[in-house]
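Sharing a structure below in structure tokens format, with a few things to ask.
To keep things simple, chains are lettered A, B, C and D as they appear, and every chain counts its residues starting from 1.
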């Protein structure tokens, strides 16, 4: 008989083995990320924030990351695209600010599973291209079963000067992801778990570039992307009133899911 | 502000919308599955069954399914491979028999997410080939990032005769999957949910074949498959004392996650 | 030393071995194909026909095939999409009619290599989805590195009646592909081989359906698809003046590259 | 009517357009390559060299390259693995030395087509992983339809010192690939083109590392890899009598297919 030990950690399937809780961060040793900061309609954005969260600015971040040399994946790579909004959680006990994740697409399944089950990040699958680079222009796209739904470009990227980089480093050193973990009741409506989550990460910035960013959504039909068409439609309908210059960063990232916690 | 309605169903991300509970089955209209029934060491097998389950026979099923025309995926396809053991759950309230799923690999992420979060089936990702067919021989394999870990063959498949098919149909009409849903505590050892799950499915058998089955595991190193090497090693070490003829079935399957329930 | 035998057949790499010439057809035992017949501008179409070919009708066929149980691939599968025009080759020796292939996309490389080098079919790579099926509607798409460039649909497919099927069978039994094999001079402009090719295939039709067809091109930029953007743009610019009902066929196909020949 | 211009360059499909001959090199701006130098049986190796070539040393190179920022692919990436032998071509006119390519696997089709048709490099398809990196260990593998056939590792890679790097740079600056272009007769045994090819490339080395290399072949059956099993078997049977330390190089490469030529 297999006995689950409450002092151990497990992932499904549980019955082969558990492992010791490890509070250490896991390293992503070669990350290139691009962030698009868009001013949008604050009221529409706020409508997506669950109870306990409030919007800090009428702003939507669209981020791309090309994660390489990921320690927990034995040095493998994967890409992700997320949409987040700057938010504050104000609960009975906690008051924290961070990026509330509206959605995160990833092109590898194991990080999707861990993100959803362990830290409430609403990760879903997509094909996401590595960066294509022509001169100082960078291109990528996201698609699902051959249907493109997002194209991201960074044009004319220029390295930031040394003082700017020095200023950016501490700003990018710590970040907070805010999620909502929801695990449904088996066989019925309603939830077994429905809770706001705090998930901290660190980042050591090595280099940075700034350029012109472009974001282009293509809304799929239900036939093209039945489980994501509503999400993409909702995001594509958020007006982009203004777009700040896009920022590309090369960094070493430290993820700390073991320092995550349920917010109260 | 987004409000979660307890009478609705949600998947992460929750904040875009919920949907009404629907007790109906979802159809997989073109399924070809192959089942390999192996006699193995009952003691070693029983060691993987969590509290509440007992082994019915010293038997391990290895199953492959090529699922096509899946309604909830807008008619898309995916493949899976599972290992299960015949088990009985005997609880304070429930007494049910079914196939306790030791692991299920799937080559599409959305079914993996639903299976884990909604019915406790321990699904993990792999590349799984469609069936290759040469004369009456069928071949497939599972790999992870280019590392083959399982090859399945069905050789000399012959259609079963009409009386045998008639006999098989009711036997295959209803099946029970038994899982263990485990959702960890955020940021620490131990579980927020840890529970046995009952998940019923129906199947309408159209045709069946019998042939010689072969199963060949290749155990990866941690470097090749860091998150699955232990699972594969455990399964590959189960001795195959005897292998019954492999059975291939073409069917229409009806999955009923909404009729799943937590066992007590 | 490796010696090439002029009585043998070789593919690159040559130096491992040759094989005997085999005049037999190779079987594709489970093919589902959909054909879209579009009336277009004959003058523009004729501009793509090389010397020696003449256009038979101002018509463009767009065809999809899901090829399964391919004998020479050890029973593996692949998908293709082609655009062809009805043409007559009138040379000094030969006078033949067939479908001149403007382009053929395939999602497997080995058939692309054989098609180009052995029979002059201008095959190029793309990701091409298996058919998704919802009720009597069929969907597929072609993309390149995440950029969708073609979506094909067949809506409301109905089986043809028995007399129609009986009439179709002999019409579909034999088909001629016409290609232009062009192998450049090494290191310079101009050709080492530039020649019209005749390539016969047979097909045994099992079932057929008719429905409403839709064809939707999305023209990529050079950044999205640098080696194919011009091809797709040229095809997308051909007006679809009229579209006949789309025809879907399930068949066993016999390819006869060894009966191909250079036209003169 | 489409007319082919002898002063232009074409690739199949020819009828959409030609382009001007361009003698310039095309840049691969971020290449990481690993070379494994193996002493093997010279007689067996020489048996694979076509007439006109002689073996310089009983040595087989197995090379991996992770090609990124490839200009002609609009900045996209691909990976390759090749096996070559040091050879001299001695003809009536030409006497050149270089690496005769026994086979080259690539995970992108367009470079395969160009390599075969324009420079006689015997490229064939495979899935080839990007490098996985754990500390100073690098891993990759090649597989075909889920069947692993080659695993390459570089363990304990250490940067070479500055004098060694300075010495390596000129040695790696120019390299010659030798191929055999073979285009069969349509519909019959024998060749329309069968010729030795010279293909020069340049490389600007940026950094270099040395470590322990391991090479592990897994020979597939015909059912697993019908078009490549013979090639892999032949290579796997070449004994590895000695293996020099493996060398990893980061470089900018310049390919010059337009400076290729047929050897005589």
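Please note the rule applied: a contact is a pair of C-beta atoms (placed from the backbone, for glycine too) under 8 Å apart; a residue touches a chain by one contact, two chains touch by 3 or more.
This one's a predicted model, so the numbers in the text were calculated from it and none came from an experiment.
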Practice problem: Identify the chains in contact with chain C as well as chain D, in label order. | Solution: A, B
Quiz item: Stepping chain to touching chain, what's the minimum from chain A to chain C?
Solution: 1
Exercise. Identify the chain pair with more contacting C-beta pairs: A-B or A-D.
Key: A-B
Self-check item: Centroid spacing, where centroids are CA-atom means, of chain A and chain D in whole angstrom
Solution: 38
Practice problem: Take the average of all CA coordinates in chain B, do the same for chain D, and state the distance between these two points in whole angstrom. | Solution: 42
Self-check item: Approximate Å spacing (C-alpha centroids) for the pair chain A, chain B
Solution: 30
Quiz item: So which bits of chain A are touching at least two other chains?
Solution: 73-76, 132, 134, 137, 139, 145, 223-224
Quiz prompt | Parts of chain C lying in touch with chain D, wherever the complex brings them together | solution = 1-4, 6-17, 20-21, 46-51, 53, 72-76, 101-103, 108-110, 112-113, 116-120, 122-125, 145, 180-184, 186-195, 197, 222-227, 230-231, 234, 257-262
Quiz prompt | chain B to chain D touching residues, read off their complex | solution = 127-129, 132, 134, 137, 139, 141-143, 145-148, 151, 218, 223-224
Quiz item: Mind pulling up the chain A residues that touch chain D in the complex?
Solution: 29, 68-69, 71, 73-77, 130-134, 137-139
